[in-house]
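Dropping a structure here in C-alpha cells format, bear with me for questions.
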Amino acid sequence: MNDNNFRAEVRAFLQEELTPELKRAGELMTSVFADFDATMAWHRKLYQKGWVAPDWPEAYGGTGWTLNQRYIFQEECKLSNAPALLPMGLQMLGPMLIHYGSDEQKAHYLPRLLSGEDVWCQGYSEPGAGSDLASLSTSAVRDGDDYLINGSKIWTSYAQHSNKIFCLVRTSKEGAPQAGISFILVDMDTDGITVEPIVGLDGRVEQCQVFFDGVRVPVANLVGEENQGWEVAKYLLEFERGGHNFTIDHKKQMAKIRKQASEEYDADGYLWRDNPVFNARFAEVAVDALALEYTELRIKGALNAGGNPGALSSLCKIVGTETGQRFNEISMDILGPQALPFQIAALEPDFEGELIVADYALSCMPEYINNRAATIYGGSAEIQRDIIAKRVLGL
Amino acid sequence: MYIEFSEEQRMLKESAEKYLNENYEFEARQKIVKSDSNYCSTQWQTFADLGWLAMTFAEEAGGFGGGALETMLLSEQLGVNLVVEPYFETVVFGGQLISAGASDEIKSRYLDALISGHCQVAFAWSETKHHHAMSDVAMAASVSGDSILVNGSKTVVLNGAAADVVLVLLRTAGERGQSDGLSLVLVDADAEGCVRRSYKTYDGRNAAEFSFSNVNVPLANVLGVQGSAMELLAPVVHRGILSLCAEAVGAMSALVDATVDYTKQRKQFGRSISQFQVLRHRMADMFIALELCRSLMLATAWKLDHNDADAELTLAALKAKVASAGKFIAHNAIQLHGGIGTTDELKIGHYFKRIAAINSQFGSRDFHLARFAQLSQK
Amino acid sequence: MYIEFSEEQRMLKESAEKYLNENYEFEARQKIVKSDSNYCSTQWQTFADLGWLAMTFAEEAGGFGGGALETMLLSEQLGVNLVVEPYFETVVFGGQLISAGASDEIKSRYLDALISGHCQVAFAWSETKHHHAMSDVAMAASVSGDSILVNGSKTVVLNGAAADVVLVLLRTAGERGQSDGLSLVLVDADAEGCVRRSYKTYDGRNAAEFSFSNVNVPLANVLGVQGSAMELLAPVVHRGILSLCAEAVGAMSALVDATVDYTKQRKQFGRSISQFQVLRHRMADMFIALELCRSLMLATAWKLDHNDADAELTLAALKAKVASAGKFIAHNAIQLHGGIGTTDELKIGHYFKRIAAINSQFGSRDFHLARFAQLSQK
Amino acid sequence: MNDNNFRAEVRAFLQEELTPELKRAGELMTSVFADFDATMAWHRKLYQKGWVAPDWPEAYGGTGWTLNQRYIFQEECKLSNAPALLPMGLQMLGPMLIHYGSDEQKAHYLPRLLSGEDVWCQGYSEPGAGSDLASLSTSAVRDGDDYLINGSKIWTSYAQHSNKIFCLVRTSKEGAPQAGISFILVDMDTDGITVEPIVGLDGRVEQCQVFFDGVRVPVANLVGEENQGWEVAKYLLEFERGGHNFTIDHKKQMAKIRKQASEEYDADGYLWRDNPVFNARFAEVAVDALALEYTELRIKGALNAGGNPGALSSLCKIVGTETGQRFNEISMDILGPQALPFQIAALEPDFEGELIVADYALSCMPEYINNRAATIYGGSAEIQRDIIAKRVLGL
C-alpha cells in the first residue's frame, strides 16, 4: 500500500473510533500522559484493531508496517488528538522482553500487555540515584527461590494506575556500580509495596514514589541474568530516547500558538500575528523546530537504510525538549494574565462546567510547568551534552 | 545617584526579614495557600500592626510617608517568603489609587480601613483577549446626572475573590486604544448587579471574573478626573511594576541561594553536583542575572522617588530584565534540582510559578523593550 | 523527502574534497589572499578543467545539468577550504543569470568563456545606505531606441575588481522599494564611462565601487524581460543563498573539527582543556548548531531541485539559522582557541571573517525570520 | 570643587588641548589601543597638565581627585574621543611599584613613566601559559648579581613601541607552580631580546611575541622578593580587572549604533531606527548595558564607602565584554555588506585619502573582530565565571 492510501486508512479508522471524549482527553494533555481512563479505552480500541504496538515485530503482535507507515500513524494519531498510549509497557518493556525475555516471560507478559490487562510502570530512579542511575541502592537479596526487595523508587509515572512494575535492583555490591544491577518484574499487589503519590507543580498527580519493604518476588521474574541488568537498562534507555518524534509535538504546539495569535490582541490592540517582534520571536523557535524536523528525517533515512541514529538521538532529545519549552514561553507571553486561573477540574475530559478562560488558554500554564521536566527525565539535557561530547566528538 | 538606606529603611527591611522568616516559613505559607481563601487574616492583621500597610501613605492619611524605596524593600522580602497576602493589590495599587484620587469622604471610608487591615481592594482593568495595555479597554459606562451606570465584564481581576471594593477601569469617552476617556470608578464588590466568579491562581493567590449589569455608582466614586484615569494611574502603575519586580528579585535571590545549597549537598557520580563546572557556571550566570536586576531595581526606586527624568526608562529596563532573568533563574533552579524541583513539595517550583505570574502582568518583556526603545530615542 | 546522493554527486563531493585538501591547504590559500589580486588564475583554470564551473549549466550550454544539490556540495567544500576564487559571484550568480536571461548571442559570447574559466562576472545591486533588499534600488537608467543610458553608482560589488562583465540592477520604471520596474543590464566593465575603484574585503576576497556616467549599453544587453528583473533573479538568488549557506556550513564544520582537535591538545591547569565540562558542552552545542544547519541545507537543496512549495520557507529558515549558528560556532571557536584564535596565523579567524561576510549578504537573520514568518502564515 | 565645576574644567581643557588629529585617533580606535604616536602625544599633554595619572596617590604624581572626579575625567576624555592612554604603565605597573617597589625603584621609574620617557609593556602570558598563568616557564637563573632569562612571552601589546617590559619569570621549580615565580623589570634593549610582531585578524599589529635568549638582568630589577611574584601579579590583575568602566565604552558604542540606525535603511526601505525588531534587539543589549551602569555605580558607592568591589568586578568584566560584543554584532547587522571593504590605511589618523564607505562603517568590522579578544584577555569569561562560582557562591 502506498503511503497516501495508508494515511487515508488511518484517518478513516480515527474518524470512526476516536470519540469526542477521547479527543478531548488528547486535547487536554498537559504532559506526555493523558487521562488514564481515556488512555486505556483508546488502548483497547487499538488492540482490537491490531494496531496497539506498531513498533513490535509482527510475530509478537506488531503491525508489520514500514518505518514510514509507523511515522504516519503516529502523526495522524497525535494531530487528531488521540490520547497518548502509555509508553512504559508498549515502548519500553515490550521491546526489551522481546529481546531479553525468556520464552515463558514472552508468552505470559506480552499478550497481557497488548490487551491492556497489565499496566506497567517503570522503577528506575531512586531518591539518591537520578542522573547517576548506576548508583541505585534498592536491594534484592536472594532467599530460596525468591528475592527480598527493600528500598524505594521515585518518579514512577502512573504507578497509582499500574498493576505491574519493572525494576532495576541491586543484587550485588561487588565491582563497578553498574555490575551488580539486575532487572526484575514485580506484581504491584505483592505484600510490602506502598505507593505514595507525588503532587506536581500543576497540582495534579502523575508520578509516585514506590516503597518496597521486604517484598518477595520469585527469581523467575528476573529478566536476563542476575547482575546483568545494566545491559538491559541501557537497551531500554535507547528506546526511551530514540523513540520520540518531537516534530509532531512541535506542530501541535505551533498550531495552538497560531490560534492564540490570531485571536488575542497585543498591547497596541493588534492581533499578535500582526506584531513583527512577536513574529520574529516565534520564527526563531519555529526555525529550530523545522531544522529538527529535517534532522529527524535524516535519522529516519539512516534507519531505513539500516543504519543507526547514533548520537543524533541525543541531539534530538536536547533540541526537541528545549524547543518545546520555548514554545511554551511564547504562549505564556501571548496569554499574559489569562494563563493564571487555576481550574484543575476543567482539565478532566468529563468536565462539564464553564471555562474561566478560553479553551486554548486553559492548559497553557500547566503545559509550561510540566514541560520543565522534559529536560530532566529520560537523560537530562546535561547528560545528553555529555554524551555528545564523549561519543560524537570523542572528547 | 548614590543609594543609601536611612535608618528607618534599614529597620523596615530587617523587621520584615525577621518577622517573615520566623512566621512565614514555607510550610506555613503552603498551609495558607491550601486553605479555602488562600489568604490568612491573622497574617494580614499582623502586617497592619507592624505598620507595613501604612508605610507608603502620607502622614496626614495615617501613614509613614514612605516612597518607592520602602515599597521595594518590603516587596522584595515578600518575594523571598512567597507571601500570598494581597499587599500588591490592596496597598500598592488599591491604596495608592484611593489615596491619590479619591475624595476625602471616600478616603475616610476606605483608606483608614485599608491601613488597619480591614478593607481589601482589587483593580479591575483587563478584558478578555485584551489584557496587555490599559488603554486597550473597551468596557464603557454611561454617565447621567450624579451617577454612572456600569455594564460589562472584567477578567482575571487579581484579589478579586477577597476584594471588598473594586476599582474598575472603564471608558466614559473615546475609543478602545485611546488613553483619553478612561475613568476609574470605585465599585462596592457587593453592589447590586455586580457578580463575581472567584477562583485561585496558579501562583497560590486569588482572582475573579467580574460582570457588571446596570450597576449604579455615584459620580463621587470616580477617582481622579473623569476621562483622565491614566494620569492618576501612571505613577501608581510605575510603583506597582517596581513592587512586582522587587518581589521577583526576592524570589530570584531565594532561588539562587537554594540552588547553591542544594547542589552542594546533592551527590551524583560520587561527588557533589556543585563540582560540575557546567553547573558552577550556570549558577554564576544566575547570580549575574540576579545582580543586574538588583542594580536596575535600586536605580528605579531611587529615580521614582526623585522624579528623575529617566525613571520610566529605567523601569522599562527593569521589567524587561526581570522577565528574562526571572525565567532564566527559575528554569535553571528547577533544572539543577532535577525531578524534586518539579514537585509541589519543594518551594523551588512555587517561586517559579510566582515569577511566571509576575511576568504575565503589566506587559511582557517585548512590551517593555519596545517602551525602552521608544524612551531611548527621545 | 529522502535525500540520496547519486553516484555523480558523490564523485563531485569526493573529487572536490580531494583536490582542495591537497592543493588548497591553508598556507596556499593565504598566499593567494596576500597576492595583489587575491585570486589565483591557475586554481581557477583547474576548477574549470575539473568541470566545476560547468557543473550547473544545461547540457546544451556546455554544462552537466547539475542543480541545487550540486551547487550545495561544491559550495560546502569551498567553505571547508576557504576558497576565495569567485565561484559564487561568477558562476552561481553571474553564470546562472546569463544562462537564464541572456540572448543566444550574449550567451555564446560570455557563457562559453565563463565555463572555460575566461570570464569573470560581478552582480552589482547594492547602493549606499540601501543594501538589504534588491527592491530597494533607486539607480535609474533611461531607455531610448535600442540603447540604455546608464548613470549612477553601486557599492560593494563583490568580485568587482576582477570582473570582466558587470550585471547591473537598475530601475527602468517604478520607484525605490517596488519590485516591478527593475531591469538587469549586462555592462562591459571596461565600457566608456564605467569607472571602478577596486579593493579587498575583510574575508580575503575582492570588490569594487562602480560609478557609471552616461554609459551607453545596447538594449540587447538586458537580461530577461525589461522591468521584470526580479522574476529572473528570484531562482538565482535562492540558489545563491543556498550556496552561501553551504559555504558557511563547510566553514562551521571545519571550525568544529579544528576546535575539538585543539582542545584535546591544549593543556592548561595540568590537563587537556577538552576535559573541562563547560568547554565540552560548548562544543556539543556547536555540533548541534552545525547539524541543525546541515539538515536545513539538505532540505533546501532538495526542495529547490524539486520545486517544492516549501522551498522558499526552508531557505529563509536556513539563512536565519546559519546566521545565528555561524556566529555561535565562530565566536566560540575563537574563544576556545584563546589568544591564538585571534591571529592572522591560524585559519580559525579566517573562517570567522568569512562567516561574518556571508551573514552580511542577502539579508540578516531578522530579515529571513520575518520572511519565514510571512511564508508560514500563508 | 563640585562635580559640575570640575566637569566644566575638564571640558575646557579638552577643548583647548585635544586637537582634531588626536580626536581622530580616538575615533579610529578599533580596540582598547589607539595609534601609538597620538597616544604618546596626548600622554605628554596630560603629563604637562599634571593629569596623566589620576588614579595614583598624590604623593607620587596623582591628582588627588575624588573617585567621582576620576570617573568624570575618564568619561569626558572618552566621550570627546581622546586617544586612550596605555594602561600597562599607568594602570598596571605604577600602582604595583607604589605598593611593592623599593624606594630606589619608585624614584627611578615612576617619574619616567609619568613623563612618557619610559613606555612599558607587560610580559605575563606565554605560549603554554594563558588562562593558567601559574604554569609559566620562562626562567630566570641567578648568575652573580644578574639573572639570566630564557623563554618567551606572548600577547605583549605594543611591545614594538616599548622600551621596558615587566615580566613574570620562573625562579624556582620547587613547590606549587605559583611559589617559584618572580616579578622583574627588564630593559627592552638588553642583548638577547627579540620582538616578533603578531598580525591580528584585522590585518594590523598590536601584539607581539617577545623572545628572551640569555638575557642578563640585574638582580636589583626584582620587584618584591624572589619567588614572591605571584602575590605581585595577583595585585596587578585585580587592577587590570577592576579598573575598567565599561559603561563609557558602551555609551560610545550605542551612540554609534544610533547614528548608523538613523542614516541607514533596512530591507523595507525604512530607517533602521523605525524597525521594531531592530529596536527590540538593540534594546535587549542596551538594557544589559544600563543594568551594568548601575552595577558599576553600586561598586563605586561601595568603594566610596571604603569597601571592596569584590567579585562584582568579575561580573562587570563578563557583562561588560559580552555586552560590548553584542553591540558589535548589531552594527554588523545594520551595515551588511558595507562592513566588508578592507581599507586599513584609512584607520590611521593621518589618512587623507577618500573613504570607501561611510565613516561610521569604516571601523565596524575591525571592532567586531578585535573585540572577540575581550572575553579572552585579562581573565577569560570562563575564568571569571569560575571565580564567581568559587569566591561569591562558595561552590
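Which chain is which? They are A, B, C and D, in the order written, and residues in each are numbered from 1.
Assume a residue touches a chain if its C-beta (ideal position, glycine included) is under 8 Å from a C-beta of that chain, and two chains touch if they have at least 3 such contacts.
Computed from a predicted structure; not experimentally measured.
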Farthest-lying chain, centroid of Cα atoms versus that of chain D: A
Between C-D and A-C, the pair with more C-beta contacts: C-D
Computed distance of Cα centres, chain D from chain B, in Å: 44
Distance between the centres, which are taken as Cα means, of chain D and chain A, whole angstrom: 54
Chain C-chain D separation of Cα centroids, rounded to whole Å: 38
In chain C, residues with contacts to at least two other chains: 276-278, 281, 366, 369-370
Per-residue multi-chain contacts in chain D, two or more chains: 276-277, 280, 382, 385
Chain C - residues contacting chain D, complex: 126, 128-133, 135-136, 155-156, 158, 176-177, 197, 199-203, 207, 209, 267-270, 276, 278-279, 327, 331, 334-335, 338-339, 341-345, 349-350, 352-353, 356-357, 359-361, 363-367, 369-370
Residues of chain D defined as touching chain A within the complex: 276-277, 280
Parts of chain A lying in touch with chain B, wherever the complex brings them together: 125, 128-132, 135, 154-155, 198-203, 207, 263-269, 277-278, 281, 325, 329, 332-333, 335-343, 356-358, 365-366, 368-370, 372-373, 375-377, 380-382, 385
Chain B residues within the chain D interface of the complex: 1-4, 256, 260, 263-264, 274-275, 277, 280-281, 283-285, 287-288, 291-293, 295-296, 298-299, 313-314, 317, 320-321, 366, 369-370, 372-374, 376-377
Chain B partner contacts - residues on chain D that touch it in the complex: 273, 276, 279-280, 282-284, 286-288, 290-292, 294-295, 297-298, 301, 304, 312, 315, 318-319, 382, 385-386, 388-390, 392-395
